[in-house]
Each structure stands twice: as structure tokens, then as C-alpha cells.
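Notes follow once the structure below has been shown.
Which chain is which? They are A, B, C and D, in the order written, and residues in each are numbered from 1.
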Amino acid sequence: MLDKRVASLADSVAGIRDGATVLIGGFGNAGIPVELIDALIEQGAKGLTIVANNAGAGRTDIAKLMATGRVRKIVCSYPRSAGSVVFEELYAAGKIELELVPQGTLSERMRAAGAGIGGFFTPTAAGTKLGEGKETRMIDGRLHVFEAPLRGDVALIKAETADRWGNLTFHLSARNFAPTMAMAADLTVVQARRVVELGRIDPEQVVTPGIFVDRVVEVANPQAAGQA
Amino acid sequence: MLDKRVASLADSVAGIRDGATVLIGGFGNAGIPVELIDALIEQGAKGLTIVANNAGAGRTDIAKLMATGRVRKIVCSYPRSAGSVVFEELYAAGKIELELVPQGTLSERMRAAGAGIGGFFTPTAAGTKLGEGKETRMIDGRLHVFEAPLRGDVALIKAETADRWGNLTFHLSARNFAPTMAMAADLTVVQARRVVELGRIDPEQVVTPGIFVDRVVEVANPQAAGQA
Amino acid sequence: MPVKPLTRDEIARRVGRDIPDGAYVNLGIGLPTLVANYVPSDREVVYHSENGILGMGPAPKPGEEDPDLINAGKQPVTLVPGAAIFHHTDAFAMIRGGHIDLALLGAMQVAANGDLANWATGDETFPPAVGGAMDLGAGAASVWVLMDHTAKDGTPKILERCTYPLTAAGVVDRIYTNLAVIEVTVDGLLVREMAPGLEFDELQGRTGAKLRLANDWRTVTV
Amino acid sequence: MPVKPLTRDEIARRVGRDIPDGAYVNLGIGLPTLVANYVPSDREVVYHSENGILGMGPAPKPGEEDPDLINAGKQPVTLVPGAAIFHHTDAFAMIRGGHIDLALLGAMQVAANGDLANWATGDETFPPAVGGAMDLGAGAASVWVLMDHTAKDGTPKILERCTYPLTAAGVVDRIYTNLAVIEVTVDGLLVREMAPGLEFDELQGRTGAKLRLANDWRTVTV
């Protein structure tokens, strides 16, 4: 039987290793898997590389994980946002490494990893500081830079509905990076607001097919992200 | 007012020029926009390059278009299938050019065109006859070939539901290439079984957002493709 | 006649008049967001957000916010009939693929050749942040910049060459400031409109790049 | 004891026993399609189709076919609870990205180094066709080939090097034929099972590449 449900948040993050690259869904406070991040904090893996659009806000979720000192590096597009105090302190103190990636390139690099693409050329960042040092190529008269796939050992994402095969739907703009991150990680862990019976999600309305999902845990009343 | 509905099939294909590259949705007989192809035949553009998974079957739709002698070249993954007699005759007579592309690469190349990607490396076809002459690169110890974007001047696709902004849903596996082709063409023309009022398609269930669509025509009772 | 620079709302109103009916538009954070309030009501414009929305409507009424429905500036928004939700990768495929007709962006500097600088000042004491700025700059079919004509201390923001790190090279098509409406042409910057009471020489004096005045220039009306 | 080669259904039944519970499997056209009939009923296997389906079920009853619900072989299929529909590009992202655990494919030739030839014979009088064969060959996590051990005229199909154009290089993990079950190892071809009554020398004689017999080899049971 194909059953990706796990009994607890602790089970959902079991086995994540020191030094792992962890993709964390969410944009702003929408779609942040707060309970999975708390479970990862509890689990204890360290030396982590976090890939997420933002570098946390307030003192919860990603900020809380960073505050434990267990994040070696963050890969993101917009680390500096309202309330990103934990990141700013660590950055100023030289205690965290930052790889800044344009938002669309960040998403496309993860998509490439998930889709088995070995790399791609994009006009984004060509001729800019973020394109420096990258291989360039003129294509149709436009300068492009080469970007490599960005793979995660783990992805932590939040869904609205899941079934035991891992088929997922999302709520409005909380969808954001989750479907792409689900593809791009070796171990994709999902917290879903509702776990429904197999067959309850209309096949045409599945957003992330279960093939991209490894573990599902129900969190019926998730906390809001980015709280102080 | 943003209204992509056109009054007739003739209007839907107006302006397609000689020499155009036309992406045609469908896989097997599912999702073939038979009425749009008939309208293109009626419209008269010639010297066309057709991009489609198959090279037609029977004597209708893509086969009928090829039989008019107005197709210079076909780009597809599987031209030889049950009933592909028209293509086989033209090919044997040297009257049509064939560019054979692996199915996933075909789809990915169109996706690249639609997504503004200048090209990508894929392991598919590396070390094979279809990879000959292509730029190669070792990535993570695997041989890859470089593939360029594949853009259409026009895409002809079939949908289940459309609204006047061009938002689309599809019926089961008739979805196949349509969402990707819609992204990849300068002019995307859709025949939809039902055109519904704006707002009737749940935003979370839109498969192809209207931004990728230019013209919509309702064809309530489409013909089956691939008939003899 | 004293010079009467445009207010932020007046800049937004002026830009709103130029948004074509049926356009797909991405509004940057800040001043550009105001433009949605000023598009003539007989035009249907579809607003795009990098986090996976087409068809954003006005801000929700207080108490009706949905924390899962926010724009790229992380503010709560609503959906209009015809809206669509999709994932981030598709949202940026729309941008990079040239499907967004128009990006309205703020800027720190714009150069006469259309270079855009709106993400970093080069000050390394703050961590850098780029978001979707480079994707929008490189990808949108047209880029219009909305900004004050000069920095608060009067330093020009329109220059022959940007001194801040570039967001994208040669992409800006128009500049709307509190003093002028300027088109970026292959021959350089062409002033189409000036704020009431402004003389061309004065505008040129507040600008770090050579301007030309269009023969048919007008006073900005809002 | 006379040699008793496996029938097509017996090959499919033998393979079915090896499909792991919970696997995502793509079935090629022809013989591989039969395998779905023989997976033990206590295993849940999810069948993938290149045209955008996960969770294919058995063929529909006559009269219940939906022309919009077909597999990669263009035959009508059904969906099981838990099925998902997606577009072609995503279907091939699953393949190329290594998410398909197992592709069961037919073949014209397989080489001792795992090279697969299943799309063309080099005969240029027919137009070539490749479909998704190269994507599946290059992308699936494991590739198992199901085929007759030799061509109809007895010519070996398992060779030191393929003479037909390759589909993908070094990708085949196992070969199930009417005569044997063979594992492709870094040290070459290892015979795990042989058809009832078959001697190793006879198998080697019908094979164009050097075989080794596993110490724990068995007679195929179905």
C-alpha cells in the first residue's frame, strides 16, 4: 500500500541530516510550513543550507531556525524585509552566508533540478552584479547567463489538502514555491490542513501529483508565520 | 474591455501568414483542434511548419492539412502511427521535411520559448543519433545536449472551458501539449467546448491563465480527430 | 509661474491614463501600486503578482483579509472575476517570457540608455535583496519607471550611466517623475511632458543626462 | 527435458512479481502493458503515462471509453482513485527528473553495457519515430527491458554493442526475455533465472554478448 502519511511532526522530519539543503516553501507569510520548521528545530539537524524566498521575519519559523545557529547558509531572493531582524543580526555578525538569487531564477533553478534539466540560459541578471562570474552567451541578440539546477535534500511545504498518495492542492497564493520545491527535493515533506480520502481530490484539480511527495502530516490549524 | 472571443472560426485564424510555424495541440486523437485546423485549411496559408506530437492519422485534421501540400515541414516525436498514410506518402515522395524530436524535449523546448529561457541542457538523446551535431556538456558526470527554444507564430489548441479573458480548463488527457503550446506562440488560438461567463472558472482551477491566450472561439460539438 | 511638481498620487494618476485597455500589468512595490487606483474605469487591466496571481483587485475591507492572498509587497489583496492562481515558476515564466505587457517599477537610478538600477546602492553594510526586480526588468515587454526626479538632496537620479549596480541593462521605455514624462529612445532621453511652470533648462539642471525636448511637448495634466 | 520458453503473458507475470509496492511505473507499448495485469493484488502501483496521467487503471468496459482519456499507446484507459492529470511538460519532468521509479520497455537490442536500442533500425525507407523512448531511457530511475530473447530468425538481440541506433546509453538494469532473467551489472550480464529446461550453454548460444550465470540462479517460475 502506498501510504505517505506519517503519524507525527517528529516522524515527518526524521532522518534529516546535518549539512542538508532544505527548501522551505512560502512567500511573505503565506505558505510557510511553520509546524514543519518547528519540528526541524526540535529534530536538531545543523549546518543547514536553507533555500527560501525570504530570510524569515519576527522570531518564529525561519527566523527561529536561524536563531538556533544551525543555519550555515541561506539562498534567497529577498532576505531583507520588514521584521527580518534575526537574519540581519546574523549577517552583520558574519555568522550566516547569503547567496542572493533573483526570484524567478531561484524558482527556475529548482524547477530544473526537479525536471532533470542540467542547466539553462536566462536573460535575468545578465550584465548585472548578480550575473558576474557566470558563463554568458548571446542568444537571439540578448545576453544570457547560465544557471545551474538547485536541488534540495529536503523540501518542507504547506498544502491545503492532501491524500495518502501525496496528491496536493493549495490555498490561493500560499501555493507560491511549493509545487516547484516538491519536485526539486529528494525528500518532500508536506503539512496539510486536511488529509482526505484517496479519490476525494478531482484528478484534474491536483496541483502537485503525489509522485513529488514523500511524507504527509496533517496540521489542521496551522500557526501564522512571521509573528514577533 | 478584455474580450478574446471571436465570432467565427474564420476570424480565429485570420492573419496567419505563409511560412508560419504552427503549434498544434493533441496527442493521439485527444485534444486535436479539428475545427481550427479545418479553418486554417480554409484560410489558405502555405509553406507552413507544423509542430505536433504526431503527423496526423486518417484523412482529417493534420493529415488533411498536409494533403493540401501547404506543409513544408513537420516537427514531431512520432510521425509514424496507425493510419499516418498521408504523412508517409509525402515523406516517401520527398515532399515534406521532418525534424524528429524526442517527445519530452519537444515539450520542454516549447516551454523554454514560453518561459523566456534561452536554451537548456538535457540528458535526453545524448549519445544518440538524435543528439548528433548538438553541443554537448558533461554535467554531474552525465552527458547532456543543448536544446534551443521552439517558438510558434501560432498555436492552435482545444480546451474544455474558456472565458472571455482566455482562462482555460481541459478535459482529462486532452490537456497534453496545450498548456505548453499556449505559452510558446505569439498568437494562441483556442477552440473551447464551452465559453463561460467571466468568474465562472474557479481561479485555483484555471489550468492555462488567459495571459497565454489571444483568441477564443466556441465549438460546442467538436468532431473526433483521426477519422478515415 | 512657480513650478508645481506632481504629488505621488498625481504621478500615479498620470501613468494610469497611459495604461492600455486589456494590458497585463505588474505593479512594483510603493508608488507603482497606487496606479491601480487611477486607471480609467472603462479599461480592463489585469494585474499580475510574482507570487502567482493574475487578476488582483483592490485591497480587501478591514477584517476581510485572507493571509493566503497577498501581493508581491506582502499586502492583502482580493481577486476579480477572471482571476487565476498559479505557482511561482509559472508566474516568472510569464515575466521572463515577455507575456507581461508592462512592468511599472520604482527606481534609484535610470540611465539615458535605459539601464535600470533599483535593487542596491552598493552599500555593503546592509545585506542585499533583489526579489523579482531583475526578472521584471529583463522580462517585461515594457518597463516604465515611476520615481521622484531627484533624490531628496537634489542629486539627479536620471544619469548618463547608473552609478548603482544595475538591475537590468537597456530596458526602461519611459520615466514618469514628479517633474516630467520622459521617453527613452535610441537617440537618448526625450521629454514629452513637463510639470506646470517648469522650464526645460531647469529640468535639464536637475537631470544627470542630456535631455531633448519633444517638439510637441506639453504640460503634464492630471 | 525440453526447453519451455515463456509466453508473452508468462514474461509479464514474471515481471509483475518484481514490481515493488508503491512504485511509480511507466509501461511501454506492447508487452510491457500486459504487466499491469499481473502485479500481485496486495501491491499498490501507480501507472504513469507520458501524455499526462498518474494513476491509470484497467481498460474501460466496451462502450465506456472516453476518447479524451488514453494512454501513450493511444488506447482508452481509466483512472483509479488518487489519479492526477497534468500537462505533457510536467509528465516529462517526472520522467527526466528521475521521479519514475521504473520504466518497462520493449527493445530491439540491448547491449552488455546497458545500452538500449528500441526506436530505429537504421532502415531509412521508413520515416523515423521516437516518441518518448529516449526520455524514458535517459530519465527513469530504473529501466527494465521485456522482449523475446532473439529476433524471429534467431538473431541475438542481446549484444556486446548495439548495431541499431541507440535510444539511451548504459541505462538498462534488467532484461526479462522468454528465455531468461538477466541483470546488467558493471561486470556485464548476469543470468539470474533461466526458462525451464534451458542449459546455460544454449542460452549463451542464443546471446550475442558474454553471459555469466549467477551462483544462485534459478529456473523461472511464473
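Just so we're on the same page, a contact is a pair of C-beta atoms (placed from the backbone, for glycine too) under 8 Å apart; a residue touches a chain by one contact, two chains touch by 3 or more.
In this text, all values refer to a predicted model and were calculated from it rather than measured experimentally.
The chains in contact with chain B and with chain C alike are A. Of the two chain pairs examined here, A-D and A-C, it is A-C that is joined by more C-beta pairs in contact.
If each chain is reduced to the centroid of its CA atoms, chain C and chain D end up 56 Å from each other. As a whole-number value, the distance joining the C-alpha centres of chain A and chain D reads 35 Å. Centre-to-centre spacing of chain A and chain C amounts to 30 Å, using the average Cα coordinate of each chain.
Rounded to whole angstrom, the centroid-to-centroid distance between chain A and chain B, based on C-alpha atoms, equals 33 Å.
Multi-chain contact residues of chain B, defined as those touching 2 or more other chains: 108, 111, 115-117, 122-123, 172, 203-204, 207. Touching of two or more other chains is recorded for residues 85-86, 92, 95-96, 139 of chain D.
Taken as a graph of touching chains, this assembly has some other topology, since it is neither a line, a ring, a star nor fully connected. The list of touching chain pairs reads A-B, A-C, A-D, B-C, B-D. Contacts from chain B toward chain D in the complex involve residues 27-31, 53, 77-82, 87-88, 91-92, 98, 100-105, 107-108, 110-111, 122-130, 143, 171-180, 207, 224. Per the touch definition, chain A reaches chain D in the complex via residues 1-2, 111, 113-117, 163-165, 167, 183, 198-199, 203-204, 206, 209-212. Across the interface of their complex, chain A is touched by residues 108, 112, 115-123, 137, 139-140, 142, 144, 169-170, 172, 203-205, 207 of chain B.
Interface residues of chain C facing chain A in the complex, by the touch rule stated above, are 49-53, 66-70, 74, 79, 85-89, 91-92, 95-96, 120, 125-135, 138-139, 165-169.
On chain C, the positions that touch chain B within their shared complex are 21-22, 24, 44, 46, 48, 54-55, 79, 81-86, 90, 92-100, 139.
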